[in-house]
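Some notes on the structure that comes next.
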């Protein structure tokens, strides 16, 4: 494998939400294949600052694939070409010499661009605020082992709860639907006995919040599952639908 | 030694086991009608911040919560892997509140306050109850009950975990509790906001100046009390396992407004991280400590041996941990393992392209147990390693090197978690309180949640009970004017420098200095040299930094510049603290203070105190205040892992 | 908005409507295929015509027919609405988008395949349904079918439309199960297989008529065309 490669970056630049935005192309000679994708962006920004130009704004924080802050659409795919990987965990050895890499922000009306590759994902917080919790005040909890939970269910609840809220599902979905994100939380709480009392209200309220945010509906293409960096299954969407149907049928 | 009169630790009377119970039943209360009229500012939404904001809002206070990330769910608590300790004794293996307390005090090398640690151990069990009730999907056994594991070399299984993502699950639990209060209107959430100044009126913390990171606007926020839950300062080293945005700014601003800084030189360096691969490196990735259960650490015996590990025969390898510490072998505590790795590399026996790494070899474990077993235990970690390095650890040994991971030091707080500024509190990693000179594995999550869920809801009332008649102070008060003006002027100054070096350049220089002289091993000579270097760097920063863009827009470089400027000042204080503490304890290793065979040597006679530093003005030397540590229950002994 | 129908107005609710009407139409297609297969009885089209007359004469069937048209219309209107609101959810499109890496073309283009099928449906109804069921044509329906497929153009249009219908159903069938929540790890692959088999049956079954009749394979066309009832 080559130790370094030459690349061209075609990056979306947009000053602020109101700006219409455009692509700009940058030459990136001698990119070490050991770099992470975001480190390559650091190198580019370092150069831009030295040249007196505006660096490319992008969201990132933990750089170990868990905070869900990084969010780039790389060569037509959310978080780039590698399965089950966030942009910060993607390394340059997966690109080839001479390649042009197109980098765009998440695109959805619910995720307006703040600057360049940075978008506003507060719609996700609103969905959680609508019901993505169990209403238990601090200090009221019974002993943790007073409520056994079937291991299989606990494990599946964990699988759903592993969602990092990055928004790749919305970015990837042709309808910009947030169903995978939403279903991951509904499914996590529906699988646990603690979630039982609020089960019906929760799903109705969270779906309303999802729709109000201007996110699209699910047409079951499965793209979200394929691109999710935490490989969350669309079977959670099926469970969400089931929860909804059950709640809708029994609502007074 | 007596404690400084400026430090009142407010430790309740009574025996160790009764202090917290006693405080809880005698602490002053604020009636529901009055709580509605009291505003509380919470800075940071990690485990401590989110849990505090949610719990206080549940009690009826008006809470305003701030985080610099785009959502409270992204705070760096999310990255904690291993687990959370709790003295539940579900395994019937003899665990108890006392044992957890004892292990924590001992693990902290007798530099923590007994009363605080006991309380931490006491509430640990409630944390698990609370989190399970919130729906945190902890690992379970087939019978449906919670599973535990032993962690970090302790003799009981008291660690609760959710695969390798315990921090994430706990944070999402606290985050969901927080969002529930946001929906109720009890918490007003300010994401992409950073606290840039503390507002003090009549000696009390009364608000903050926050910067809206999207628009660059400065905002004034009043609070009857201000809670700093802003995490640690590991990024002073530039390279650490902290998130890119983790910073000390909120705590540092508070320090400059009168909050004493406790034990700044106590930093934890974690032994098993993926080594640096090049000068573009932006952060380090931790590999769980559990790897040392089956991996063997070694370097070549010969200096400068650059052959492939497979070509180095058994006789030519030095399994230095097993050799030096036959009793604990590869499982020695974090500080010991880190220091030993550094020594091996300093001798020129480090491996990999940089020579700054040692091998963590699974060959023998794979031969003994089979690849399937190893893969079941560590599959996800091996995968992560391969993703980052491109090497397959089943075939070739991992390369690891220590990295900065956690800071035990932080703002000095009393038993109620209040700093030396009345009305200003510090919770979680931002305070200095519970871990002494070294933190045990799986205790950071415990402390963050203990402070937020179970301590502050009680202790805050003690202060606010006097404040029920204070009506909200309008943010047109001159103190707000002044604070905002100071921020504005500083920003203008930064933007006006227009020098040649990027913020990253200067941050890297700072990291280099602190890592080399105030890292795993420290000497008087080195620290004195580093002090001069940091003071020079400060001048360099303020004359040569280059910040692109404008003030009134989304400008991450400007935000970073402000944080690095604070890190430089903190770096100076760390060095001073390390220089003053002429003993070795926990993560702080002074070469002057070691035993004949090169192990850390504590000096209880002269250094059994908390160093609390008072800011005395720009360019002036900070003044040291000592809080004496008395051990009534656990008697200090020298740690030995031989 | 009718309160009791609140649940059908959300994005998930509208999908439920799509799924329920879709499955209803799937069931209808099976019934339709059964009827058509009578054309292969080599009885000069007698059984087929009788079956057709039975359908016309039965009041229940006529009622169900209304439901069927209602279902089709609901399926179309809901589909249009979803397509419209989904487009609105992404006002700016990606310059580079490698959707083929994560989903199939047919799953992403149900609106398009559905529209083509709708056009076909209009032609199909105009050719057979309207003259016989509404205008009450006296001719043998089997005869009309057989002669219509003598046109190469017409027969190939039919085959093309049926293949598209198959693709639409291949995604639609399993998608309906997913939307109705009847999907989990255990059944996912079984439902997918069942959906594909169903889609193949419908596509190949219906395509066989234009092919067999156009080329008069096994004399199916001449058997009907040379018989006068």
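Letters A, B and C mark the chains as written, and numbering starts fresh at 1 in each.
As a working rule, contacts are C-beta pairs under 8 Å (C-beta built on N, C-alpha and C of every residue); 3 or more make two chains touch, one makes a residue touch a chain.
Worth saying up front: this structure is predicted, and the values here are computed from it rather than measured.
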Closest chain to the centre of mass proxy, which here is the mean CA position: A
Farthest chain (mean CA position) relative to subunit C: B
Approximate Å spacing (C-alpha centroids) for the pair subunit A, subunit B: 27
Separation of mean Cα positions, subunit C and subunit B [Å, integer]: 63
Euclidean distance of C-alpha centroids - subunit A vs subunit C, Å: 37
Contacts with two or more other chains, residues of subunit A listed in rising order: none
Residues of subunit A defined as touching subunit B within the complex: 1, 15-16, 32-36, 38-40, 42-43, 46, 48-50, 52-55, 57, 59-69, 85, 89, 91, 93, 114-115, 118, 120-122, 124-125, 128-130, 132-145, 147-151, 154-155, 157-158, 161-162, 164-165, 188-189, 192, 194-195
Complex contacts: residues of subunit A adjacent to subunit C: 12, 23, 73, 75-77, 81, 102, 104, 107-110, 172, 174-177, 179, 204, 207-208, 210-211, 214-223, 226-227, 233-235, 237-245, 247-249, 251
Residue ranges of subunit C touching subunit A (in the complex, touch as defined): 6-8, 10-16, 82, 85-86, 88-99, 101-104, 107-108, 110, 171, 174-175, 177-185, 188
Residue ranges of subunit B in contact with subunit A within the complex: 51, 54-55, 58, 69-74, 76, 78-79, 88, 90, 126, 128-135, 137-146, 162-163, 165, 168-169, 172, 175-177, 179-180, 182-183, 189, 191, 214, 241, 243-245, 277-278, 280-283, 285-286, 384, 387-390, 453-454, 457, 502, 504, 546, 548-549, 553-554, 556-557
